[in-house]
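Comments concern the structure below.
Letters A, B and C mark the chains in the order given here, with residues in each chain numbered from 1 onward.
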């Protein structure tokens, strides 16, 4: 499986964020998108996720399921946690499992895997920022998607959480997955770098 | 189908739990209805005549105000991104959200109508006529209002802009809703004609609303 | 027993656990006696048996206003003295007050039915009670809208006090609005010239319903304290790391 972008231009709010960007990542590979604030890391991820429309160029996934689009085969872990405080931890995760669909796993097991096994019945409102992030990460586990688009995935995680997440990413790569992560801090895992904003 | 059922279940749960606003709409409906006699005067004969119009206006404003949060809440916490990316077609996901909203916020308005009919001195026949037209007409309000709610999210403006966008769209529903109720109460028109048109409006909005909302969401998120 | 002692929720719980059964018993006895006396009371020469609705309506209407008074006091407790039980008291009182107000409305409209020919007339008294009911519901919606009880308490306290100041103004405006449109008042109560045969059961019922309020209020406060304990226990549990 290979994810590649050719000559991508991105314009947001009338401002050119980046142009002529090329990238590629194959199965089992991490592409770390690095660069200063405003260089378009988040825009690139949202563009791959289909949430932004490129002004030029295209992103293609080769070797995926033919009848599904790239966004439908991707997980997007953004700055916002996509959690509902009024629902319990378990309800939050099982909603995303049912909604996203495809190959799904067991909710309770995934919660235990991210260290939230003790809090499944509690409202998500009671979780700390780090725990909310762990719950978002559980979403990556409960529904199987080959492409992971991660925006600052380790922010708000403590050291134990970061170690845990490195393990989760390793498993995903070992299963032939692709990870594209925008990050400031080192991911703790061998990655190819895509440097943004260098041309300006 | 599981995806859509899950979405409907989740939205209803959130609306009914602490912090959810499903019942505030009923309270608003009640308050608006109670305000009217203070402006018109406590003349029961006059209130009876205006009753269907008052109830329809109240229900219209209540369902409109609650629509403000239809997509905004999901947009703010990032859920909307994932819903757009999901494998369920966005049109159907929008329709599911609107359906959940109607079940949690629209149906209570209809349930509250008899109590409010009492305040406006409507008899049982008139009250059931209004309740019936609301039952058929409020889906149209929700599904056309959804377009405004989707636009409001992509424009990052809610509240009054939504009202200004959606209120003109709901004029036909108001016309035929009140006309059907009045026809059932006093004539001279037959109840059937405006009621059928009201049904038709609802059915059209069931189709147009989700497509328009999905189109504006798909190209407006950034 | 001073207010300071009661401020400790644990002491409050143990004290109310002892007091509540007695209160509940006294309430039941008084209400039973009151209902019996009310049933035995003679019919009014004008209104017939419908006058007996008064025995339920008047105590409920009086409690509808009294409970707002209790909440205003609790609101002062929250804002001025920062008494730890004040917002619990305010929150617990709102649904009970709303229920009494609702009963006053229902009995009022049932009472009015034979006289007006309709269940509802925009009579000044009933209309004021209806507005009070709306304000109770608004307050309950406010409590429900905010998850964190101490934050909700501030907002609710301000709203309660503003409501307490506004209620006489609303009452005055409604009276004025009503007389403007309807010179002849529809419903006149017996006034202070109430016969003894009515007065005594009415007083018994008033005391009975007041005790009912105290009983329900204390029980609801206990529930609220326990609910908050559950909440903080859950938050503690959430913050524990998995072993």
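Definition applied: a contact is a pair of C-beta atoms (placed from the backbone, for glycine too) under 8 Å apart; a residue touches a chain by one contact, two chains touch by 3 or more.
Please read all numbers here as calculations on a predicted model, not as lab measurements.
Undergrad: Farthest from subunit A in C-alpha centre terms, which chain would that be?
TA: Farthest from subunit A by mean C-alpha position: C.
Undergrad: Consider the two chain pairs A-C and B-C; indicate the one with the greater count of contacting C-beta pairs.
TA: Between the chain pairs B-C and A-C, B-C carries more contacts.
Undergrad: Which chain is the middle one, judged by CA centres?
TA: Of the chains present, the most centrally placed is B.
Undergrad: Go ahead and note the Å separation of the Cα centroids belonging to subunit A and subunit B.
TA: The mean C-alpha positions of subunit A and subunit B differ by 36 Å.
Undergrad: Centre to centre, by mean C-alpha position, how many angstrom separate subunit B and subunit C?
TA: The answer is 33 Å.
Undergrad: Calculate how many whole Å lie between the centre of subunit A and the centre of subunit C, each centre taken as the average of the chain's C-alpha atoms.
TA: 53
Undergrad: Counting only residues that touch at least 2 other chains, which ones in subunit B make the list?
TA: Counting only residues that touch two or more other chains, subunit B contributes 18-19.
Undergrad: Could you check subunit A for residues that touch two or more other chains and list them?
TA: Where subunit A meets two or more other chains at a single residue, that happens at 85.
Undergrad: Could you list which residues of subunit C touch at least two other chains?
TA: Subunit C, residues with two or more chain partners: 147.
Undergrad: Using the touch definition up top, name the residues of subunit A that touch subunit C in the complex.
TA: The contact residues of subunit A facing subunit C are 85, 112, 115-119, 122-123, 125-128, 131, 160.
Undergrad: Spell out the part of subunit C that touches subunit A in their complex, as residue ranges.
TA: Checking each residue of subunit C against subunit A gives 147, 234-235, 237-243.
Undergrad: Where on subunit C does subunit B make contact in their complex?
TA: Touch residues, subunit C against subunit B: 109, 118-122, 127, 130-131, 134, 137-138, 141, 144-147, 177-178, 181-182.
Undergrad: Subunit C touches which residues of subunit B in the complex?
TA: 18-19, 21, 23-24, 27, 30-31, 34, 37-38, 41-44, 118-119, 121
Undergrad: Mind pulling up the subunit B residues that touch subunit A in the complex?
TA: 2-3, 5-7, 9-10, 13-14, 17-20, 76-79, 81-88, 219, 221-222
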